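Have a look at these structures, which come just after this line.
Both of the next two complexes hold chain A, though its partner changes from chain B to chain C.
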Partner chain A sequence: MKSYLLDSLENLFQHLAVSHKMFEPQSIPGSEDLHWLPSPKGPTSRYGTSKQVLPLAPAKGFLFPERELLFRFDGQTFIETLPEVAPQVLFGLQSCDLCAIAYQDQFFRQDSYYLARRKATILVGFDCLTPCDGGFCSTVDAGPFVRDGSADLILHPKGNEWLLIPASEQGLNAIQTLNLPPAPAEWRAEREQQQAEVAKMFPTDSHIRTGIERINQATISAEQWQRLGLQCLTCSGCTSLCPTCSCFTTFDTKTEGESNTFVRERCWDSCLYEAFQRETSGHNPSKEAGERLQRYWFHKFSDHYVDEFGRYGCIGCGRCEETCPGGIGVHSIMRRLEKES
Partner chain B sequence: MPNIYQPNLMTIKKVINETPDTKTFHLVFQDEELQENFEFETGQFGEYSCFGAGESTFCIASSPTRKGHIECCFRKTGKVTNALFELSEGDTIGFRGPFGNTFPIEEWEGKNVIFVGGGIALPPLRSVIWNLLDLRDKYKDISIVYGARSVADLVYKQEIAEWEARDDVNMVKTVDPGGETDDWDGYVGFVPHILENDFKPDPENTVVVVCGPPIMIKFTFEALERLGFKQDQLITTLENRMKCGLGKCGRCNIGSTYVCIDGPVFKAAEIDLLPPEY
Partner chain C sequence: MNLSMTPQPIHLVDQYDDGDHSRHYTFQLAQPTSEQIQPGQFFTLTLAGFGEAAFTYLTAPDEQGRFQALIRRAGVLTSQLFKTETGTLLGYRGPFGSGLWPIEEIKEKRVLLIAGGIGLPPLATAIEALLANGSDVGLIYGSRDYAGQVLKQERERWQQQMPMIETFDQAVGDQLSGTPLDHLDAINQQLGGEVEAVLTCGPEVMMQAVGRSFTDRWQSTDNIWLALERRMHCGIGLCGHCYLGSSYVCTDGPVYRWREFLKQQKVM
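Right after this comes the complex of A and B.
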């Protein structure tokens, strides 16, 4: 696809804002953390070469919300509850979070609820020119530059200007009437070169590589998992913030005042909860915290899932490390696996 | 795109009280076209909804060779099964399915087939038992070894009597020690023990299909291996906790296996590859 020269982010933002609801990672007063929030005015000025900061939570909830209605049933018929989502733009996605969305696109490809939201969403990604704290996207093929096929529009800073790459038909359609000039021919090649340079700026990842190897060679004993499991408080912080985690539960609730009307809802669940797999008989395939931890990390780093999804289930954002109160997020776990091998 | 979470409505045509806490439902789709065209294969399962209580996973307990309705059999133990237990003939429930893989009954043609089940684990076997009995000429000896905690806990009592009466079925029934009654005419002892010490099947040209709680599957496989059976002769069906039946909710995931889409039917060799606590 052709690529374009964009002289002002503002132009692109306002152009998209004409027919889309805009969302951007923004800080709220009193905190430096970034949150995905509506951004009617945008764009905020932190894009470009400044130090990369990931939003506290990924954009997962836009497409797979924490709680949603699956159907309404009045005793006779089902009432359609597919979400009606106005066209929206997620502006300012980093490559890791885009890889997670691409992963979930595959996982939820038959899920009409996910798809209704996804089809209404344009993804605008930005190349990261510096590593973020705790991020290791380059180790797991999820960044630092936006991967082909993961965004609709890709933005790459070039001084005060931008290389704009439409990366999907939807992305191309969205900018068609902007009549942008083509980007200088050498910019694409320069971008490729620069990605390799940025990848070198990441701190050592030997513990991640060793941990992945040990998980796949199954050289971690049940006792070692159990020792690590002692530090799991089953808070579900990691699974809630993990951009690829998708376990859910469903439950029925009765509609007040209407005796025969029920709704079925689903909400995020966590495979680290003790009761997640517990059967009615009391039998529980993952009764011990170590067993649950083992399954969780297997799901993130097993080669088995590379066969299925073309990538690991971990996109290297490091959010689990940030949030885990027990000190067993990805870096801590992998360092322990490296040290205690 | 169809809504994969929306059940199809079914009417309960008949309720059979199997034991004090176990019932069988005969179910018919309310949509006539679906009722006409619904197909499944033996070994598959469904997600059954009691609206307002939720969804539960049970196998389809009837044989695909018997058209007209499908059957499920459940014990009241949790929220959904307690709610289902209260329903009567004429009531509506929801059904999603069929899901999962199937018993490889074509591979068993020309062989002896032994079914080994415990307690509420007979329903998954019942589907395939009737499937084979309806194609009786294709198989050699058919044996059923079934046990429960007590005589009262035996499900399908009428069918057990029917299988006992047939010349072409070898019916072995047992109850756990202490679970027998004065007029009990079967064995007393745990299923793996009776299988190994009393029934003693010959491994030659034989497959064994085992269904029960994980601990029973384990002991039964071990007993059969002591009798000379090889892993590729042993088959089971698992019923892990599930919410979706579609490989999405994550509940039944063990290692890289999703019981709902990779199973529920597994060969012993596949079970050995799973983490120990399936």
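Right after this comes the complex of A and C.
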């Protein structure tokens, strides 16, 4: 696809805002963290600056909400309740979070609720020019520059201007009436070159590589998993913040005041919970904390899933490390696996 | 496979007690489908406001959409089901599962079915398919005690059609005691030769004992199959609850070849 020269992010943002609800990572008063929020007046001024900061939570909830209505029952009929989502733009996605959305696109490819939200969404990604704290996207092929096919529009800073790459039909259609000039021919090659340079700026990742190897060689004993598992407080912080985690449970709520009518919803669940696999009989295939922890990291780093998804389930954002109160986020656990091998 | 999370209406049309805390149900789909049910597949039942749970088909839906299931009262949903009157509208999703009883593969072999307690109903569709084919089949059914046995009418019929041994953990009088594996020689004798394939369903610890025992006997993990129970919230490979290694029991199972089960157990 052709690339374009964009002289002002403002122009692109306002153009998209005409027909879409805009969302951006923004700080809120009293907090340095970034949160995905509606942004009627954007864009914020952070783009293209050297220091990369990831939003506290990924954009997962836009497409797979923490709680979602599945159907309602009126006493006679079960009525599917697909979400009605107005066209929206997620503006300011980093490559890692885009790779997570691509992963979930694959996982939820036949889920009509996810698809209804996804079809209404345009993804605008930005190349990261520096590593963020704790990020290791380059180790797991999820960044630092936006991967082809993971975004609708890709933006890459060039001084005060931008290289704009439409990366999907939807992205191309969205900017068609902007009548942008083509980008200088050499910009695409320069971008490739710069990505290799940024990748070199990441700190050492030997513990991640060793950990992945050990998980795939299954050389970690049940005892070692159990020792690590004892540090899990089953808070579900990791699974909630992990951009690729997708486990859910369902629950019914009876309609107030009416008999025999109810709604069913689904909500995020966590494989780290003790009752995640517990059956009514009491039989629990993963009753030990170590077994559940092993499952979590197996699902993130096992080669078994690469055939289906084309990549690992971890996109290297490091959010689990930030949130885990037990000290068994990705860096901590991989360092332990490296040290205790 | 129907991938919708929204149930279809179904009516509870008949029910009778069949064993301790267990009941034999007949359901009727409001809109019968032409989709064929394969032996080993399962469905889910929704009770208004009480959630959804997975159960096994005892019989495949007929032309009127009628099918049977044997259900034990164990939790919130089944307790409510036991209070539910005949004629009530419920919700249905299914059929689910692609791991099936391997009828084609074993129908020419001498087949032993080993069931434990409430593990008998999931074997019923396999038993019927093998009997209909004229296969050489035998059943060992282990239960806690006499009251714990289910499928009384079916067993009375099967008794006329194939060798069958019933054994009890808490045997009384002249009842046979011990686990199903204690009676292999007897069933081999009744079948007129060494068993060549085994299908099992029951408590997982029992199924694993069966798997290990026949692996030792045959020095092979090929001709042993088991049907697994796992907690499930979707039936379509999305909710994540029923993982077994890198597989999901709802979509890859619920029936696994013993070799594949061992592989999935070791994969992590």
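Quick note on the criterion: the second predicted complex is superposed on the first by the 339 of 341 C-alpha atoms of A that agree within 3 Å, B and C clash if a C-alpha of one lies under 4 Å from a C-alpha of the other, contacts with A are read in each partner's own complex, and residues count from 1 in each chain.
In this text, contacts are C-beta pairs under 8 Å (C-beta built on N, C-alpha and C of every residue); 3 or more make two chains touch, one makes a residue touch a chain.
In this text the structure is predicted, and so the values were computed from the model without any measurement.
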Three-chain arrangement built on chain A, chain B and chain C clash or fit: clash
Partner chain(s) touched by A:Ile79 [first = chain B, second = chain C, both, neither]: second
First (chain B), second (chain C), both or neither touched by A:Ser302: both
Contacts of A:Ser246 with chain B and chain C, given as first, second, both or neither: both
Which of chain B and chain C A:Ser281 touches, first, second, both or neither: both
First, second, both or neither for A:Tyr273, with chain B first and chain C second: neither
Which of chain B and chain C A:Leu115 touches, first, second, both or neither: first
Intersection of the chain A residues that touch chain B with those that touch chain C: 70-71, 73, 78, 80, 107-108, 110-113, 246-252, 254, 262, 264, 266, 269, 271, 276-281, 283, 285, 294-295, 298-299, 302, 304-305
Residues of chain A touching chain C in the complex: 70-71, 73, 76-80, 107-108, 110-113, 218, 246-254, 260-262, 264, 266, 269, 271, 276-281, 283, 285, 294-295, 298-299, 302, 304-305
Complex interface listing, chain B residues touching chain A: 1-6, 49, 51-55, 77-78, 81, 92, 94, 213-214, 239-241, 243-244, 246, 248-256, 275, 277-278
Chain B-facing residues of chain A, complex: 70-71, 73, 75, 78, 80, 82, 107-108, 110-113, 115, 246-252, 254, 262, 264, 266, 269, 271, 276-281, 283-287, 291, 294-295, 298-299, 302, 304-305
Chain A contact footprint on chain C (complex, rising order): 3-9, 46, 48-53, 74-75, 78, 89, 91, 203-204, 229-231, 233-234, 236, 238-246, 266-268
